[in-house]
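The same chain A turns up in both complexes below, where it pairs with chain B and then with chain C.
Showing the complex of A and B:
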């Protein structure tokens, strides 16, 4: 009766089932591509209309540079053409895999800037993920199934701080205490290739993982608690299986699903956190590349970085979404 | 005549007697503590700059002085009193966060309510737009928009750059509210009380606002608090990326970023603003009741 009185959604009567299945599978991919393209287009036009004139910045501010010089530089950089023409030129270059050259350093390709920076940033994120997983899963398993209120409260406080603390603060505190106070790790900077660089990665990675570790910890603790109450686990314990073996061989693998899901969702946060932490520690990653590019109005570099980070994040989200649907078909809307 | 069954309401179900019961009461207390923290901070942000004898731009004191009775939080590299600056900066940051999220939440929820009553086509369009915006990673979106809108004075009276951050936050934050509200409203639409109202001849607007609307407020509020946590940490870090409110207006992130290099000799300059951001974030997190014990059963 209710649906007769109120307007309801129109019934779908068209389309084959196979067609709909295909659309459902493709739809996240299509959306990902569309979003990446949108990011690129919007960035391109926004920075060229709103950010100002790179030629002025390159010549060194308004200190009496003649308009002819500025105009000549603009022509050289291709800035005098209409926006649409510039955009098409950019697209054409993209299709050849050419991201352009930096305005600031015309000899350097955007690609090299981006790749060098990305190498550092992704190394940072990778190590941070490793730390988060090891600590999060380890402590989560330890805390599972127990009813120790003191421990629970410590975890609660840690979760709150980890969630709410800005990455910069955590980094600063760590630098102050560990690097400057205890002299255990360098306070910033970068080494000359691996394995020397690992020592420069450690503190930043811990800083980045501060946010993710409590989340993984709670997820693992909840899930492990559930698994421990399942019949097979209780039977195994009744048969005399040691707690350690029970945890490692039976409970832990069951936690993998939720942990992966959480990681998938948090990846873009992690990357942005990493960018900020890089700047605090002075690491030569994407963060530094981006700030210098924005400061000098180096359009191609800005576009390249935004495109790369946007694409990476979109791809990661895509993988996460596809993985979730594969693991649990009910999750598909 | 069968009514559509409402999804089971966990709060109404008989609660099993368990040692966890105490935790539920603690949950209420947690949210209250969070709210208190935020409110106290907000009041402090407003009052301290007003009553302080020292101005935030007064550079007459000795630079880089450690915390003392005269300068409770010490002074920065220009000799400005950090205590006053921190509270004035907090006012700007908190105001920015609260206003932006409030507008985003209200607008998003409104859109969701309207969408619930539109024909399927309109709903589909709005859903697509919502999903597309949500597909953009939140932080990338905020940073990109704030950087693009730049350091200009978009709204007279506000410090330069503030409007840009605000708009960026609003654009990044509205979609979840629309989605939440729309799906809930569609379910609520079938409720007996709403059906009765419709039969009695109330127009859709009135039904929306007086019958369906109030049921959605708490969900949206709690989501707003969750967003506030992430946004607070984000706003505190924006200055590191060169984006944000231009000097000389004090801003917590900027205060941190500008004094990083001073960490070995004047730790109070970068860390104290950071601690304020942390406390604010913790307050919001407690209000949101999603951090801590709630989901850990």
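Showing the complex of A and C:
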């Protein structure tokens, strides 16, 4: 009997490609949530284990308060419960959107402390990013664009200074030279809302951007240099396209991907760098709120700030990653 | 290639653009930076504090920044002031003692009001003092413990009279009533508890208008109900917290603030006329080394005496503190607002004599002593520790510095395995009575392990203990002689090692006779 190979049943669509696509889309979000939760858990247990007893601080315990009084305050703050019970209580509050109340300022919600401070800090970081991008991209393109050894060396020296100089030092130098010497901007402080506060933002933002600008500049210079040697760029130049047009229309967009990647990676450093700058300039941001909270062992405020900044960094990284993939689909592969 | 004319046009535009930016920046800044150094005091001043007050309640926080605010908005029975004015009547018309010193009668001025317009009567005074008296273990408090442990009961025979029954005579009561914790608050508000402190009310020269406790920003304006209607120049005060000292000074120089408090010694050389330095001495202000008597090395009197001989106090004042304006060499217990140490010989550094003292001790051939230091409170402390560490190498003593924070130091010292502790201390009360607790731990308070101003009880110093006990009830005429004897005993035993006096230096845009500090945190304003 002859046998023939009959065609088998049609290959079943298992949806594996769709599933993989969905996983690829959801994966960063899931990772973001997991990382944020991990940061929250670690912070919660770390501060309660390492930082000391807030009840002693609040009561001015070093001035001779009785152990009974300190214990009573500890119970009032819920600090006498086991750590796990405290954590579950905190988690339950979070699920209801309640970050708790400040230990140091009874009746003041953590949310109000964090939101008020966050407005200042994110304005600072935002303006710093803007300055970094404008200067970094602009100078980077200029540096890539021509044979200017003097200009290149100046840029190189300033890049090194920007990378090496601590933020506090940069801030103080700017205060002494620009604010006091040049009387161009206030020497720190904060205004009574916007637009008055803009003048107080500029020098701190320059200080924060001092570190990121050289990095963006180098990335742009290198990438722009590569793009200029691409066949399409050389062809465009050969057809008589002006240098400026070539740089703006063709080279700059090709630098967006690496710049976004750098920004994404640098965000957490920008926010932590803002802490020092806020102290130097006396800005009422979450950096200063954090140092005050750590000094007074205000656990709920510390947790609230860590949670917020952790979440923001994770989300912004996510946005940067998505934007990179959108701008350059090759990055998605 | 870009056309040459285009390049030239662009190059010409650049200076114009730069000039426009500079003009715009100056315009933005124009309104907010009055020139530094103008000498006329306006009716509104801005003060830059070095820290954010942790609480407005002086019972919760004895910090400099809280006290500075409290003295401005708080009403007190008596004035906190310089020298002989300390304890002079404020809300009280008179404060008089019975012949045996066991009853004090306070007569209030008539028509007193709080800043919110409500009447201030004796029942508010009673409630305010009872608030302190009812605080558990207040007798052990290092600032108000001595006075509060002397008050048995406070009553109000009528609306304008307060009677204090004492358990023992306390000659310094009028001055003690001017200290920060003795603030007079509305009885009804005290009953409110913590919510009162969101916007507290008292009867001081100023009232609190806006409070940003998170960022340390406060505004105060003249209290329309203040008992003293003498016209005053300053009617509004803005407090801002600028934690970085260099920035604080920069803001003063740029005119953003009028007074910058607590400027470290290393920055004082930057202060030039017309800016003025304002030195505010702490009463009994001292930088020194406290001793753990249970430590076999530091507990040895000979080692302590050797350390006292080996340190160079002038060098500590010059290099750690930035000059004698911030601290003067100190050889005994500081007494009165000038922090003199009567009858105590100034000693010069004497390495040979110090080494001779060490013979027969555990440090004869070198030793290590753990030194606990707090790094996040007074800026002077870690600097003094480092200089002393260097100086003691000359006699073979190696100080092992252990840094800790203000919040954790109490627990750290209770662990016991330390030899010396770098302490800084000052008081608000300008009387001799705090010296009792200052010099020698009071066993009744159970406060012996507390580092802040008291020492662990050392049983074999009976003479010093007896003198300290007598100090608590000594009359003002007896006290100076007692201090001399105390210092004589102190020099023999050295239960702690005095190094320098302690002052805070502020910088002002005005002459020092216009704005100045008393007792480090009481601002005297025109």
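In this section, the second predicted complex is superposed on the first by the 284 of 333 C-alpha atoms of A that agree within 3 Å, B and C clash if a C-alpha of one lies under 4 Å from a C-alpha of the other, contacts with A are read in each partner's own complex, and residues count from 1 in each chain.
The working rule: a contact is a pair of C-beta atoms (placed from the backbone, for glycine too) under 8 Å apart; a residue touches a chain by one contact, two chains touch by 3 or more.
All of these numbers come straight from a predicted model, not from anything done at the bench.
**Student:** Overlaying the two complexes on chain A, which is it for chain B and chain C: clash or fit?
**Tutor:** They clash: once the shared chain is superposed, the two partners overlap in space.
**Student:** If we overlay the two complexes on their shared chain A, which of chain B and chain C does A:91 touch? Say first, second, both or neither.
**Tutor:** Neither: A:91 stays clear of chain B and chain C.
**Student:** Answer with first, second, both or neither: which of chain B and chain C does A:104 touch in the superposed model?
**Tutor:** Touch status of A:104: second partner only.
**Student:** When the two structures are overlaid on chain A, which partner does A:310 contact: first (chain B), second (chain C), both, or neither?
**Tutor:** In the superposed model, A:310 contacts chain B only, not chain C.
**Student:** State whether A:280 touches chain B only (first), chain C only (second), both chains, or neither.
**Tutor:** It touches chain B and chain C both.
**Student:** Quick one: classify A:152 as touching chain B (first), chain C (second), both or neither.
**Tutor:** Only chain B; A:152 stays clear of chain C.
**Student:** Determine, under the contact definition given at the top, whether A:248 touches first (chain B), second (chain C), both, or neither.
**Tutor:** Touch partners of A:248: none, neither chain B nor chain C.
**Student:** Under the stated touch criterion, which partner chain does A:172 make contact with: chain B (first), chain C (second), both, or neither?
**Tutor:** The answer is both, since A:172 touches chain B and chain C.
**Student:** Which holds for A:199: it touches chain B only (first), chain C only (second), both, or neither?
**Tutor:** Only chain C is touched by A:199; chain B is not.
**Student:** Check the residue A:295 against both partner chains and state whether it touches chain B (first), chain C (second), both, or neither.
**Tutor:** In the superposition, A:295 touches chain B and chain C alike.
**Student:** Among 76-84, 184-192 or 202-210, indicate the stretch of chain B whose C-alpha atoms run into chain C.
**Tutor:** Stretch flagged for C-alpha clashes with chain C: 76-84.
**Student:** Which parts of chain A are in contact with chain B and also with chain C?
**Tutor:** In chain A, residues 51-52, 172, 175-176, 180, 279-280, 291, 295 are touched by chain B and also by chain C.
**Student:** Over in the complex, which chain B residues touch chain A? Could you list them?
**Tutor:** 1-4, 19, 117, 119-120, 123, 131-132, 135-140, 143-144, 147-150, 189-190, 194-195, 198-199, 229-230, 232-234, 236-237, 240-243, 253, 256-257, 260, 263-264, 267, 270-271, 274-275, 277-278, 280-282, 284-286, 291-293, 295-297
**Student:** In the complex, go through chain A and note every residue touching chain C.
**Tutor:** 51-53, 56-66, 68-69, 102, 104-108, 113, 116-117, 171-172, 175-176, 179-180, 183-189, 191, 196, 198-199, 202, 242-244, 279-282, 284, 288-289, 291-292, 295-297
**Student:** List the residues on chain A that touch chain B in their complex, please.
**Tutor:** 1-3, 5-7, 9-10, 31-32, 34-35, 38-39, 42-43, 46-47, 50-52, 147, 152, 156, 159-161, 163-169, 172-173, 175-176, 180, 218, 221-222, 225, 268-269, 272, 275-276, 279-280, 287, 290-291, 294-295, 306, 309-310, 313-314, 317
**Student:** Under the definition above, what is the set of chain C residues touching chain A in their complex?
**Tutor:** My answer: residues 1-2, 22, 25-26, 28-29, 32-33, 52, 54-55, 59-62, 135-137, 140-143, 145, 194-195, 197-198, 212-215, 217, 240-244, 246-247, 250-251, 253-254, 256, 376, 405-411, 445-447, 450-452.
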